[in-house]
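Look at the two complexes coming up: chain A is in both, with chain B in one and chain C in the other.
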Partner chain A sequence: MFELLGIPPQVMMGQLLLGLINGSFYAVLSLGLAVIFGLLNIINFSHGAQYMLGAFVAWMLLTYLGLGYWWALVLAPVIVGATGLALERVALSRLYHLDHLYGLLLTFGVALIIQGLFRNYYGISGQPYQIPGALAGGQNLGFMFLPNYRAWVVVASVVVCFGTWFMIEKTRLGAYLRAATENPVLVGAFGINVPRLIALTYMFGVGLAGFAGVLAAPIYSVNPNMGADLIIVVFAVVVIGGMGSIMGAILTGYGIGLVEGLTRVFYPEGSAVVIFVIMAIVLMIKPEGLFGRTA
Partner chain B sequence: MATTETISNAAPAARSAGMPTLHKAIFAVLLLVLVALPFLVYPVFAMKVMCFALFAAAFNLLLGFGGLLSFGHAAYFGGASYVAAHAAKVWGFTPELAVLTGTAAAAVLGLAIGFLAIRRQGIYFAMVTLAFAQMVFFFALQAEFTGGEDGIQSVPRGDLFGLISLQNNLVLYFFVLAITFGGILLIYRIIHSPFGQVLKAIRENEPRAVSLGYHVNRYKLMVFVLSATLAGLAGATKSQVFQLASLTDVHWSMSGEVVLMTLLGGMGTIFGPLVGATVIVTMQNYLATLGAWVTIIQGIIFVISVLLFREGIVGVISRWLRRPL
Partner chain C sequence: MIRRLAIGTAAIAAIAGPGFAQDAMDVTLGVLNDRSGTYADLSGEGSVIAARMAVEDFGAEEKGLNVEILSADHQNKPDVGSNIARQWYDQEGVDAILDVPTSSVALAVADITAQNNGVFLNSGAGSTELTRGQCQPTTVHWTYDTAALAKGTGQAVTQAGGDQWFFLTADYAFGHSLEENTARVVEEAGGEVVSTVRHPFPATDFSSFLLQAQGSGANVIGLANAGGDTVNAIKQASEFGITQSGISLAALLMFISDVHALGTETAQGLQLTEAFYWDQNDETREWSARFEEQHGAKPTMVHAGVYSATMHYLRAVEATGSTEGEEVVAQMKQTEFDDPLFGEGHVRADGRVIHDMYLFEVKSPDASEGEWDLYEQRAVIPGEEAFLPMIDECDFSQQAG
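Moving on, here comes the complex of A and B:
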């Protein structure tokens, strides 16, 4: 079939894999945005900066403390999440009574500060981060060569995404969370500490961004601008999927990654803008997003 | 939004015919200062401030009076600056025609993006406009005529109406003054027109405006296109001043800067964006040698403005004077 279209299968599968990798990052990042949006009703503009922070924390743990990739995979999301928790307590929580756009503006300012600070101290050239030994090398699948680390990224993101989905949709904690999304006052009346739930939710969402950053560190060079442009694409993904559903955010993330990969095979010039074109089409046909609820 | 109070004060002034005396006086003093300015400071710097003041005022028309937060206004500002630069350099248009062509391009772009963006509200609206602006950025990066990373350089200044040479900074200054001051007066007129009053009604209570029979989306699209067009006018003019159109003007950070200018000066006020633009451009000018610190300082101003200073500079003065400004 591939030969019929004049595309060698290696090229096709290679680009699809690349699309799936990008899709993994879109999925984890848009999932974090959706979790935060669900409860806080703000769009976390500093999500890209926090993703970058995750990659930098991993790099710092290795460079300054000698802690390797596996430690970073656990510690970096916690550290990034903790900075998020501080941000929520100190600043964001003061804005909930205002128009939600102020949350967007505040987190935009925070993103500028974080990115500016790292650009100041580490420049824009980027720091290399080695692929961990256990995941070096790759598998020859016959029709293509699959680097182990890339396979790991896909697996890890799928596990985290579906773990999050399970936690929110199937557990008691998730039930509180969904209830607080619908009606925070009533949930508070039942004795749940809603402000704490909100703070921990923000921490969790930001932690997801940090986790994505650690996953990205060995693939892309660790540099202060790595999140800035990515987050705009993730915003488009979120608009396409609609933030109403957790599963919607996950599926849209992977789906858009694959579509982008396919575009790179058939029409390389369009790969940078295909997401925005899809967004325009979705806005025309189903403005609330593929999985969105009418606002 | 926090500006609601300021604007509802503006209502009686708008209903009586003409401009209140205070506003007339401020515009008159402003014009006097601007006429004297090129003899006091470097004219190119003053022109930069004026272009950004018009840009911020156009943005404020949408945010402060239409209640719509666009996070992609760089697309119209930068897009118009590319088209104007191309028109002047390649097609050999005279400056006024080049500026008009750029402005028209921004209007068309605003119509296309606005048509799609007004289908979503609030936070989604901001994300949609940002995403489309990023598309314009990619286009500017890849298209042939924009010159990629180099941009369009050494745009000729040309002769105004084919008669008056704009080579001299001082002559150019008065050309820019006429455009930007005229643009800002036009925005003032729009805000205080019946159209502006309907916009206010929509922003305050959209379902009610619908129930009164207004086609809300038409008004939203109209104000979006007006705002994009005037932002384009500012961008097109800037390309003639600096003889350059570059990626900086279409980058998302430019969209952020205009939000910052408006927020700092006071959104929903007439004069706030002008003050905000002056402060930010002056700051960038003096801190240019500090590199990344400019971004950090802008971020800090953002955070402080949102947390503690939501009325903005002019908003606070307006509250002290108990007059809408």
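Moving on, here comes the complex of A and C:
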């Protein structure tokens, strides 16, 4: 039996699996960001707040309407997406002709407002949200105890990530979208409603954040700051993967989860920083990101 | 973000009443704590309410004290906290800074307070350094410290058979201090520290660390962290079957707000040490009910500490007729108190407040009769045993002469 730097292989397997689970959240969140940036050129800083909204909508559906987890998994992304749609129509759509910075500032401001409002109403300690009955319990894998819910998180995120990638890169709808970003005037001339296409894309990207929020609700505490802590990491993931690259965001999300997981074993104190160290290195060697196309 | 709040009509009275105006003494208190982050529920606005209640209950207005309360958010960052403290002393005429959770910020504020001859009434921070390595003649450390927590929970858990400890420690001054103090208590009680992991603060995912703990052969995981970190760690320990596998958790610092957020279902059976619980006697119940009316939640021990510290401070200001830091604190140390919330106690010469601490156990959902009916008292730890003995360098009664 071999040991790697004093870590038995069972422990290593467990840690890699945990890294993959955390990576699932990074992947879904950075995917949403990449879709929005790639197709709309908006740096969506309210993504963390929208993730938090997803978790809170799930909690509200349960608390006020008695609708459980599975309903929330479908409804919350739609509801959060709808708030995104409203934001796009009312505010963001007026900024497309301006510099990236304006969209960033607007969405950052919106994030602070949403988080502030929730903090004011619900406090900071968080709301309890139980794991759905069908996914309670777990499997003993020999090297670790894997809660069923965490396994579900990995499966759900893989399906959603690759579904999204397929839709954008391989279908007719995706082709329209990519064309509309490339040359909106020409695509509009072919009779396609470009502003609506763009608005729905933003809604979809925001809906992904809401979806991740519902996935997170049962395992992390549902509190107004949950997205603020995560958003910076997710941005680093997008930068490492290459701004706007769909596949880059997905693969980097999982990869960063794994690297972070390993850091937690070898040097726990550094686990919060390791992502940014990688980001700095990638920016120095390959500024367009690992999967980015050179501009 | 600094808010102003004039207390009652004291300010108006001071201007309107000619005789009053000459006698009234201005006292400005600054409540500096976490108003938006992970410690906002255990300190935050509740501490401002507690300070305001103390000013009203003391009858400051009738006693000729014109008290104003400021509040600000230090965001758990020492640089932010230091800037606010300096601004308060230099420009806003603040006489005393209250609360200040997050030990790294508290240590910075203690230093600035001494330079400005203000008064530092700490309730929210835990580091024993405040009255040891970095003690100041102007610091009063009221509610708890990591040594008292270690003494209560560490000793009880070790004696109950939890003798192989794995520490999960928040990687900053407070966590280190709590870990160190608890390790000492555990070893004294015949236990052993198997391993330690220091996690970044704040963190959301603890599964990796919990798994390491499981593989370490420990039978107790000591959570040397606080607030949201502790809540998440306990939740995930139950999710990953850590507690079911026979490893018990020792939450070394947990506030009632955390237990409330976790719910009795997840938190039941946890042992924890606190300085105050709302349901201890008639006086604590009466005060807590008034507090809840204004705040919407029961007070934490940090809120209670802000109240009692402010009360004792105002008594000293009244007695000395001064707001000079060293003079007021010396007066606070001379008079023993019999406080409605903390019982009998005194401020030791090094600034450490000596009062009883309590070991509580979280009730099971069946035993809990209401939303806030959370604790069963297990033991009283007398003040003299709970806190570390004074070190000579910090005996300010000697130095004052």
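Descriptive notes on the structure:
Going forward, the second predicted complex is superposed on the first by the 289 of 295 C-alpha atoms of A that agree within 3 Å, B and C clash if a C-alpha of one lies under 4 Å from a C-alpha of the other, contacts with A are read in each partner's own complex, and residues count from 1 in each chain.
Please note the rule applied: a residue touches a chain if its C-beta (ideal position, glycine included) is under 8 Å from a C-beta of that chain, and two chains touch if they have at least 3 such contacts.
Worth saying up front: this structure is predicted, and the values here are computed from it rather than measured.
When both complexes are superposed on chain A, chain B and chain C occupy overlapping space and clash.
Residue contacts after overlaying the shared chain place A:Ile219 against chain C, while chain B stays out of touching range. After overlaying the two complexes on the shared chain, residue contacts for A:Leu106 are found with chain B alone; chain C is out of touch. Of the two partner chains placed by the overlay, chain B and chain C both lie in contact with A:Ala272.
In the superposition on chain A, contact of A:Thr83 is made with neither chain B nor chain C.
Using the contact criterion defined above for the overlaid structures, shared-chain residue A:Gln15 touches chain C, although it does not reach chain B. In the superposition on chain A, A:Ser125 makes contact with chain C only, while chain B stays out of contact range.
Of the two partner chains, neither chain B nor chain C is touched by A:Ser30. In the superposition on chain A, the residues of chain A contacting both chain B and chain C are 116, 119, 229, 269, 272-273. Residue ranges of chain A in contact with chain C, taken from their complex: 8, 10-11, 14-15, 18-19, 21-22, 116, 119, 123-128, 131, 138, 144-145, 147, 149-150, 219-221, 223, 225-226, 229-230, 261, 264-265, 268-269, 271-273.
Residue ranges on chain C touching chain A, taken from their complex, read 36-38, 40-41, 44, 171, 197-200, 202-205, 207-209, 211-212, 215, 227-228, 231-232, 235-236, 239-241, 245, 257-258, 260-263, 266, 297. Within the complex formed with chain B, the chain A residues making contact are 37, 41-43, 91, 94-95, 98-102, 104-106, 108-117, 119-120, 228-229, 232-233, 235-236, 238-239, 269, 272-273, 275-276, 279-280, 283-284, 287-288, 295. Those residues of chain B lying in contact with chain A across their complex are 1-2, 69, 71, 116-117, 119-124, 126-128, 130-132, 134-135, 138-139, 142, 252, 256, 259, 263, 291-296, 298-303, 305-307, 310.
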